[in-house]
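The block underneath contains the structure these notes are about, expressed in structure tokens.
Every chain is named by a letter (A, B, C and D) in the order it is written, and numbering of its residues begins at 1.
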Amino acid sequence: MSINNEFRPKIVAFCCNWCSYAGADLAGSSRLAYPADVKIIRVPCSCRVNPMFILRAFEKGADGVILCGCHPGDCHYSTGNYYARRRMTLLFSMLDYMGVENGRTRVEWVSAAEGVKFSTTMNEFVEKIRSLGENVRLGDLRCKN
Amino acid sequence: MSHQNNQAEMIKEISGVNPYKCMKCGKCTATCPAFDEMDIKPHQFVSYVQSGNVQALAESKSLWKCLSCFACVERCPRDVQPGRIIDAARQIVVRQRGGNYLTADEIPALLDEELPQQLLVSAYRRYKR
Amino acid sequence: MQRIGVFVCHCGSNIAATVDVKKVVEMVLLEPGVVHAEDYQYMCSEAGQAKIGAAIADKKLTGIVVCSCSPRMHEATFRKCAERYGLNPYMVEIANIREHCSWIHKDMQEATEKAVILARAAIAKVNLNAPLQAGESRVTKRALVIGGGIAGIQTALDIADAGYEVDIVEKTPSIGGRMSQLDKTFPTLDCSACILTPKMVDAAGHPNINIYTYSEVEKVSGFVGDFTVDIRKKARSVDATKCTGCGVCQEKCPSKKTPSEFNRGLGNRSAIYTPFAQAIPNVPVIDREACLKFKTGKCGVCEKVCQAGAIDYAQQDEIITEKYGAIVVATGFDTIKLDQYDEYAYNQSKDVITSLELERIMNAAGPTKGHLERLSDGKAPKEIVFVQCVGSRCSDDRGKPYCSKICCMYTAKHAMLIRDKYPDVNVTVFYIDVRTPGKNFDEFYRRAVEEYGVNYIKGQVGKVAPQPDGSLLVQASDLLDNKQIKMKADMVVLATAIEPNQGVRNIATMLTASIDTNNFLTEAHPKLRPVESPTAGVFLSGVCQGPKDIPETVAQAGAAAVKVIGLLAKDKLTTNPCTAKPDELLCNGCGNCAKVCPYGAITYEVRQVNDHGIREDRRLANVNSALCQGCGACTVTCPSGAMDLQGFSNRQLIAEVDAICR
Amino acid sequence: MKFSYYPGCTLRNKAKDLDAYARASAKALGFELEELQDWQCCGGVYPLGTDEIASKLSSVRALAQAKEKGQELVTLCSACHHVLKRVNDDMQNVEDIRTRANNYMKLDTPYGGETKVLHFLEVIRDRIGFDELKKKVVNPLTGKKIGAYYGCLLLRPGNIMAFDDPENPKMLEDFIRALGAEPVVYPYRNECCGGYISLKEPDMAKSMCQTICESANGFGAEMLITACPLCRYNLTKTQLDLPVYYFTELLAEALGVKEEALK
């Protein structure tokens, strides 16, 4: 998407229902702005995010994917974020190998009380993706208009 | 006024300090060892920059009385660092032509036998461009 | 294909001012499956819900998307609405176009585009929704209260009075908490013990209340209505069934040099001790770190003098396992350590004290028997300085960023009490702001100034310098007179910031309850659900949730009790139907899913399957939907893609990804 | 043990004894101070402006030289120590300053704050240990009541200097105890002596030092020790007859190398 030819990245943010989604809500009710490029998908827990979803996002033209969950030790389901962390470490290193730079993927722990952190994280992430430009790897040509 | 605003912006930039973090508790002024000699007090430096009243700061005696002892910086509960604001105001003055508070001519009269070199160097750095 | 209705809420101007709602309606009508779309000022209102109902009937809708505020706010509202009008409640999806869109974006075009995309994602998801039926789970009609201060006591009393059994777990040897350490309470100046002790006695004597003191929660499992908790009852070394509470053991104990926790270290206690005279239970504890018998093997005086034969050196810690339907956290607070604030000379002078220490000094049962005296030389102070906001409202790394809320009031109280009892003592209070919202609070503070002659000066103290003559030189600013003050004082009292009690993080982790960066427990909603944790079945009472005074704590304790009673009054709870579900044709029984399940909800059984006409016995995963909480860990672990999560299925989430990246 | 050593301008001039006693004591304690080549003056004060780069370069040069030698960098003078530690912190943590300083310097490998800056006292505390020092003392200063004067530059800002508790430091007291003397704790030991203000406002510095010395005296100090030539200069200008020594002089005396140091 582009307004005035400026690069507007597509960014998917997976947020766990208990911490990060609530953190995003708090950023909203505190009016802490971040770019509209970020679109949030609610999942019950960060461990619900299948690496397939992230591959799918890049395949469909996403320029960056961020996964947010509860801080280590604070997972609503006790251990879900640990699984997510391990899975994403592997996935991201594979993606980097395949040409999707590490800067395009990120895991961040945001609690329900951290509206400010949510907003700063998203601002930083969008800034990073904008500096990296459009993602050209993994895109499925059949998906292009 | 706009010139003043520019100067206030410059002070914020040079000092790297956000004066709006101040909660106006006055601990900087409470702790300042040079208080008695200052016409504008440390907490006022912060609020003057907030309101853009920089000309008064530039003309203030306090610029040359601040010791850079960092007592206000260390004890400020809001991490505002008033000492840095004072230094930035001083920088703005000394960077202007004729703004030096210390000239080479006046030095010989100020010397004594024991005076350590670092005193001259430090005073030069703080008072002169 | 579903028949989907999309309802776009204006939320007054909250959404409509930034998102062009008409445009959203126009755009979503182009989406496959959408047969109806409309906007309305307040979708959550009675009239808004009626519109949804009418559309369900008229357009024969099978799925609904509401573009509105966060699902954490009104998902339940709209699900109930759908159910009322004959639609399965799980056929509702929310597109969050307020918190995640209109409130954070300024540009209308940008915000509208994003709102459309969020709506598309929700439409794509609801297209794949399936009706779900909530299950049921049982409720254990017993509550656990963690913490035995005024918050815990009040919560327990209210629950118990409603007819339910309650256990209080308190880690110190007695219930009573911080309030038992206070001398007088604001704004009425009644004696703290006089109003607290009757409540402690009530709790101890209540047939429905069981108190575990000197005990800690060690392990929590289960979920709302059905928690299982391990409580460690630490060895008291005294048999509570035999002890008569005569106190002779404490009198005769030769080890008397341990700083008394109850007196904030201002006095000493014996190794066998009850924290204070009115302790409940009135059964002492042997501090094994201090006891000579435990340290050297010699002594045994207490055993010799105990006529009841209650001393039991061999007593062991005991683990009690109990089931509860609800858990209330009431772990309270402590004052922060002042090591980072040595400009106030707290570590250099005995005459610089915290306000809580002053409470002990002013208390008749305290280390000075209630006489106001300097701890350094026992002399009566003539000049006392109070310093406000020590460690509160600090954004540096030394203190706490929040206002501790109670200090302005208790300082006014201290100042007034001192001026009342010792009219010749001068009292000066250095303040930044005086914050006294509350019934009769500001009047109280004004009395200190106007009637008791307390000298309030606006300005913070910069340094307290002990002088060779034993006095303290206080260097402060007077911002109204633009002066620097240097005054001699005999005693300096620091209004020290409060923080949640140590160990609350550990408890929050056990309960999977959210906690914020300051270690205060997070409430489910800051305004509308202030006594509930986001974790179902866990409730908050007192300062563990945020700074508050006694009246507020008691009010919140009552509110938490009501929530608990509301829960325990139910025989069954409906469970979340968004649980994991294996596809028996894809499952190969590998066992990976059971390993990652935090609830032990997955078991294996050998069952006959009909795989395209071939009938055979296979080992298959089986999810107990009453235990499954729906995290989804198993779905990602499953190597064959057999496990899926209802309500958040692989296809649904991928559809959302696709809609966003389109 | 070998360290890079940055003496600073005053120690080559008015404060030669501060330096000489330190070297002799270091030898006695079993470590060596290797003076950096062609070091330049640190400027005496840390330039606070975020846009000042040139005035920090002399410090960066010294730091980079120590890095090349793979040594920790030791200083004695409080002012040099303050400037070097803070510039080093900038090079570690402030990207803008690091980039611009490196652009000026054109080093083979850019400098990013790798060198560890230590004060001579930190070497004694953290590398030698006060217990070890105590063992090496041959002339214990028994019976002497000594007030430690820290001043501002060693301690503040506490989070960057990380020298000691900025409000209630203990380092020099432990040092005094190790030499066999009795430390006198007084509340103004971390308050400013007036610093460079004494050049143009000598009365201001005098009255501040008066407060410090009176307080120390009041608590029974017979003498003060300091690490800074400027502090010493200012403190000796009061009405009081309170001698002020460099801490290294007492150290050399206690270690029995005082005569040798001045040869």
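Basically, a contact is a pair of C-beta atoms (placed from the backbone, for glycine too) under 8 Å apart; a residue touches a chain by one contact, two chains touch by 3 or more.
What you see is a predicted model; the values in this text were computed from it and never measured.
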| item | value |
| --- | --- |
| Leader among chain pairs (count of C-beta contacts) | A-C |
| Remotest chain, subunit A as reference, centres from CA atoms | D |
| Distance from subunit B to subunit A - Cα centre to Cα centre, in angstrom | 45 |
| Rounded Å distance, subunit C centre to subunit D centre (Cα mean) | 48 |
| Whole-Å gap separating subunit A and subunit C, where each centre is the average of the chain's CA atoms | 29 |
| Between subunit B and subunit D, centroid-to-centroid distance (C-alpha), Å | 25 |
| Shared interface positions of subunit D, touching two or more other chains | 167 |
| For subunit C, residues contacting two or more additional chains | 343, 463 |
| Per-residue overlap in subunit B, given as positions that touch at least 2 other chains | 71 |
| Complete list of chain pairs which touch one another | A-C, B-C, B-D, C-D |
| Touching residues on subunit B, where the partner in the complex is subunit C | 21, 23-32, 35-36, 41, 43-44, 71, 75-79 |
| Touching residues on subunit D, where the partner in the complex is subunit C | 159, 165, 167-168, 185, 187-188, 215, 218-220 |
| Subunit D-touching residues of subunit C, taken from the complex the two chains share | 339, 341-343, 345, 347-348, 397, 463-468, 473 |
| Residue ranges of subunit C touching subunit B (in the complex, touch as defined) | 343, 389, 393-396, 398-399, 432, 458-463, 475-477, 479, 482, 484-485 |
| Residues of subunit A that touch subunit C when the two form their complex | 1, 3, 10, 12, 17-19, 21-22, 24-25, 27-29, 31-34, 36, 39-45, 47-53, 56-57, 60-62, 70, 73-80, 83, 87, 111-114, 119, 143 |
